[in-house]
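The structure follows.
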Amino acid sequence: MLQQSLFIIMAALVLLTAGLVAFRPRPIESAMWLILNFFFTAGLYVLLGSHFVAVIQILVYAGAIMVLFVFVILLLNLDPKELGDETSLHWSSVVMFVGMLSFLLLILHVAGPQTLEPMEGLLPDSKFGSVEALAQKLLTDYVWGFELAGVILLLAIVGVGMLAYRKPKPKTPKFLDHQERPV
Amino acid sequence: MEEQSHLQCIAALAVLLPLVGSALWFSLGKKFGEKFVSIGAVSFLALSFACIAYIFFTATLPLRINFFQWLPLGTSSVSFAFLFDPLSLALSMVVTGVGTLIHLYATGYMHGDAGFGRFFSYLNLFVFSMLMLTLSDSLPGLFLGWEGVGLCSYLLISFWFTDEANASAGKKAFIVNRVGDFGFLLAMFCIFKVFGALSIPEILQTVQAGNFSGDDLFWTRLACFGLVLGAAGKSAQIPLYVWLPDAMAGPTPVSALIHAATMVTAGVYLCCRMQPLFLLHLDVLNVIAYMGAITAFFAATIAIFQNDIKKVLAYSTISQLGYMFLAVGLGAPVAAYFHLITHAFFKALLFLGAGSVIHGLHHEQDMRHMGGLRTKMPITFWCMTIGVLAIAGVPPLSGFVSKDEILHNVWGNHDWTLVALAFTTAFMTAFYMGRLWIMTFFGKFRGHHEAHESPWTMTSVLVILAAASALAGILNWPHLWGGSETLGTYLSTVVQALIHHAEDPAHALQSSLTLAVVSSLVGLAGLTIAYFRYRNFSGEEFSSPAFRPFQNKYYIDELYDAIVVKNLRMFGKFLWKVVDGFVLDGVLNGSAALASRTSTYLRQLQTGLMQQYALWIWIGFLILLLGAWTGRS
Amino acid sequence: MSAPIAYVLFLSFAVFCFGACGFLIRKNALSLLICLELMLSGVNMAFVGFSRLHQNEGGNVLYFLVITVAACESAIGLALILNFFRLKKSVRLDEARALEG
Amino acid sequence: MVETFLSNPDFIKWAFFAGKILLLFGLAFGVVAPVMIWVERRVAGLIQDRYGPNRVGPFGLLQSLADGIKLLLKEDLRPTEIRPVFYLLAPILSVIPAAMAFAVIPFGPPTTLGGLLPTPMRLQIAELNVGLVYVLAISSLSVYAIALAGWASNNKFSVLGSLRASAQMISYELAAGLAIVSVILLSGSVDLMAIAQSQTEMWNIFPGFLAFLVFLPAIFAETNRTPFDLPEAEAELVVGYHTEYSGIKFGLFFLAEYVNMATVSALCILFFFGGWEFLPWLSWEKIGVDLNTFWFIPTIWFFTKIAAFLFFFVWVRWTLPRFRYDQLMSIGWKTLIPIALLNILITTTYLVFEKAS
């Protein structure tokens, strides 16, 4: 029973932070809320039993990706004019929520009522969610996906390097006072 | 029928000489001057006439000379070959003979004209295509000549193309001929459908030998009508005669050669050549007869009221041709052919005489401004007199003999309307020729310029033609009058006469004599009435409005213009405005406009804002979702 | 742990919708990428949820692949934004209308 | 009355749990941080041949207490034109990861506390079987505090300082991660308790000496200590990212730094120096100590090792010169990471041969 209520709380927090991420005007704020969102999602994963995934969520999302975002936001140090952050509750948001409802109806209908019963519990000794089980599956059945992920990461690194690199502009040499200037 | 090699080269020479000549005069005319062109042209024609004469006297007819295979038509093929038989030889003799004389005459007439070389090249080209028409063995060959002749008549009519009237007259002649040619083409297609071959001797053999099913008869009947339409177009008969009076816009030698002697007779030659085919359908022959008779009478009535000397002669040509078709229609091709030959002589004479009158009066063509020329131009006067008497049918001249032959046949046919038409036309012919004769040569001189006799080149030709038209009668002097009918026997191998006078010889002689007397009396009456009417002619005549339609040629031109030309122009405008403008262009521009209009709306979608694209994707997803949702089974 | 799968799926789709909605509303590129990350994390939730439902590690493996792609994508996205900023001195998306029809 | 409490198993479990939390956090924040501050200043004085603080209390022991009170009572200076929310958030964010990392560190073998507990329980606050990865994740969060601090205080030097500090931490985190991979390979599990128990016979320092060589500079850089403390060096950028902070905000940063140091040194001991084992080949069972009754001996030994390590920190701080920034980065990327990768290769081959034998 504790788990059920905990799940509800965690879900509520996730939704709250997601809403704040979407609708707060300043990007630095929405970034911070997103980090919090990742924490709560990690909590959700723990409730769902996959611990390793939860920790990876924090390590990769909150720890690495969001660092990039915060860095860029801080580096660019944009004032509101450049950001152009006047968010208007655009009619598209209506479309969003309509979509959401219709999707839910589709799930309920297609999958049938049994989706509403709670999922059966884990066996005490089941190794679901642990590193070993995941590693087992990852490195045997999905080894190609694993290698491919590596290749994609390499690609991204090279790509970013190439994109961000800017040939330093050859600065004209400044002559100190006591040096003679070329005539 | 085997070819001797030397005959082959003579025949080729006879036909190709004019062609080569036309090319020569056209290209070198300007460089070498008039003298070179005139000597060259006349000598080339004379040489060609000599070759034809040589074949005429030595070759065993019919002689078929094959050159090469010309048109492969599926199974059969059309070969380019010449067929020398009495019909074609007689006509080609006339063409080359009269042609040579007219060339000689033209050297004088056209003296000093800028397009001298060009004129003679067209004339030679005309003679070449006329020879092709007469001598060719197959229908397409004949058609080639037929078109060539049409082309040259166009070129020669609008020779002085700088003047708008001449150019439009040339166009008119060409277009009307084309209508006729359409009939001819139709006939050729039908003949090919029925006989599967287009060479004339082959066709005529199958016609005489074979019997035909109902279906074939229908097609051959259609072919005959096609041929009749072609002949009417080329020989200026009732429906398609309008081009001949306007063709007078060309120089006079052209009128003489083309519109009197040779080209207009092509229709008659065609009908005589294809006579066995026509014999299959007697109703067609009847149509020809009536066409001829009506044309003769109609043209004669118009000729009386014309003031232009060449127009009078043009209408008289139409009516004489009507006579020939009448004869062909009644199944007397020999009489038609004989009249054709005699007509060629005296009509050429009349035209050339009128030409020398016009030449003398410095291109004055209106008879009301002539008069009293018999003292100023004696030779022209005497030659014209012989011509007028010949055409009026005064014995013993050639005109009388040939016309009497035709009248005899008409009388023999006992069709009283035809007889009435024929005799009245004879009287009117005599009357308007007499009018012409008296207005130009008698009374006071009403012109502006001082008249002078033409040079020897023109007057010598007049004298020769006068002699020919006087003596041509003996060519086919009827047996009844002790004549040998040389032309009749000569042609009998190819065509056969339909009406056999079954009466006993005595009665026949008596009736033909009375007929001869009657016709000559009619002619003389016409002449005397004309003499008394115009003796002291003062200048205007037929002023009362009653004659208005006659003077305006029954408004036929305006009628044609109203019926055909206006509708064609309207139809053309319709096609241009509605079909092309609205439908085709409309569809084209419309679809383009439609594309551009829709694209302006669709362009609003391309806002460049990435988020809007994402929104459309999302909406698409939703629609798919709803589709899946509703489509669930 | 006995939460029904429908809750998890609804939650994941809700987060996805928030992300998508943010993606469409925000005017600057940075928030765009942030919302994108949100969307991706929403999708991940569904994977983990299903993996828990079927007690099979497949979902988690897929989670891993999605997370690598998300990392690469955000890295490159940020690099692009930097270039865009250098070019246009602002990250407002209204500036990026060059492809307008 | 007490027996009813003692006999109820739930109560005992909860009491044990509370005891663990009190022990660890009390030690970490109450004892370690202030004592370390005092030790640092004394040792610095010793190394620089001068007295350290010795006025406040015996041998100046209460000096850190006095500093703490001073910081608390100081006026809360706040510069203008700053982003208030993030300015205040930064110090908090720096302390949270430091505390969270402590929850996972086991400080003793599983015991029944002298018969008090029905079954031997782990001396670990959170028995996470993915402990190690958790520690890595938490340590990567400390970057935010520094980045936000620099940016929020609206001061060019602090922004530059924060950028440098966070860049340094990110790159050395990578080196530390790779070093830890070889440790995982050696001890075969990601759970910290398991790692410690796997070192009863042979400590990881011997087969994984290269990993230790990579790990040591990485943890120094991670906590911005001594050779790598360029960002807050006075000479360079005034005091780096926390120039604008005064009073307790600065105190928090200071506290976070020392707690981080304690955590990192505990980890280092766990990974390489056999955790609470007595000597490399001399584990407590061998000596004959019964863990259930004398459960506190390994724990105390573990804490003495941490103290020694902390002393080593301070010792290094006052002896080694500071790295220039480009040298610092090149060491991080061009030397440590390649060595770590090489090390992984070595450990794997070693493991294959060892398993073969």
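Each chain carries a letter (A, B, C and D) given by its place in the written order, and its residues are counted from 1.
Simple rule for what comes next: a contact is a pair of C-beta atoms (placed from the backbone, for glycine too) under 8 Å apart; a residue touches a chain by one contact, two chains touch by 3 or more.
This one's a predicted model, so the numbers in the text were calculated from it and none came from an experiment.
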Could you tell me which two chains share the largest number of C-beta contact pairs?
A-C
Select the chain whose centre, defined as the mean of its C-alpha atoms, is least distant from the mean of all protein C-alpha atoms.
C
Interchain centroid distance [CA atoms averaged], subunit B/subunit C, Å:
94
Go ahead and note the Å separation of the Cα centroids belonging to subunit A and subunit B.
100
Taking each chain's centre as the mean of its CA atoms, subunit C sits from subunit D at a distance in Å of 34
Distance in whole angstrom between the CA centres of subunit B and subunit D is 125
Residues of subunit B engaged with two or more neighbouring chains:
611, 615, 618
Set of subunit A residues in contact with two or more other chains:
52, 56, 64, 66, 92, 96, 99, 103
Could you check subunit D for residues that touch two or more other chains and list them?
none
Where on subunit A does subunit B make contact in their complex?
92, 95-96, 98-99, 102-103, 105-106, 109-110
Complex contact set, residues of subunit A against subunit D:
28, 32, 35, 51-52, 55-56, 58-59, 62-64, 66-67, 70-71, 74-75, 77, 130-131
Touching residues on subunit C, where the partner in the complex is subunit A
1-11, 13-15, 17-22, 24-28, 30-31, 33-35, 37-38, 41-42, 44-45, 48-49, 51-53, 55-58, 60-61, 63-65, 67-76, 78-83, 85-86, 89-94
Residues of subunit B that touch subunit A when the two form their complex:
611, 615, 618-619, 621-622, 625-626, 628-629, 632
So in the complex, which bits of subunit D are touching subunit A?
83, 86, 89, 128-130, 133-134, 136-138, 140-141, 143-144, 147-148, 150-151, 159, 163, 166, 170, 190
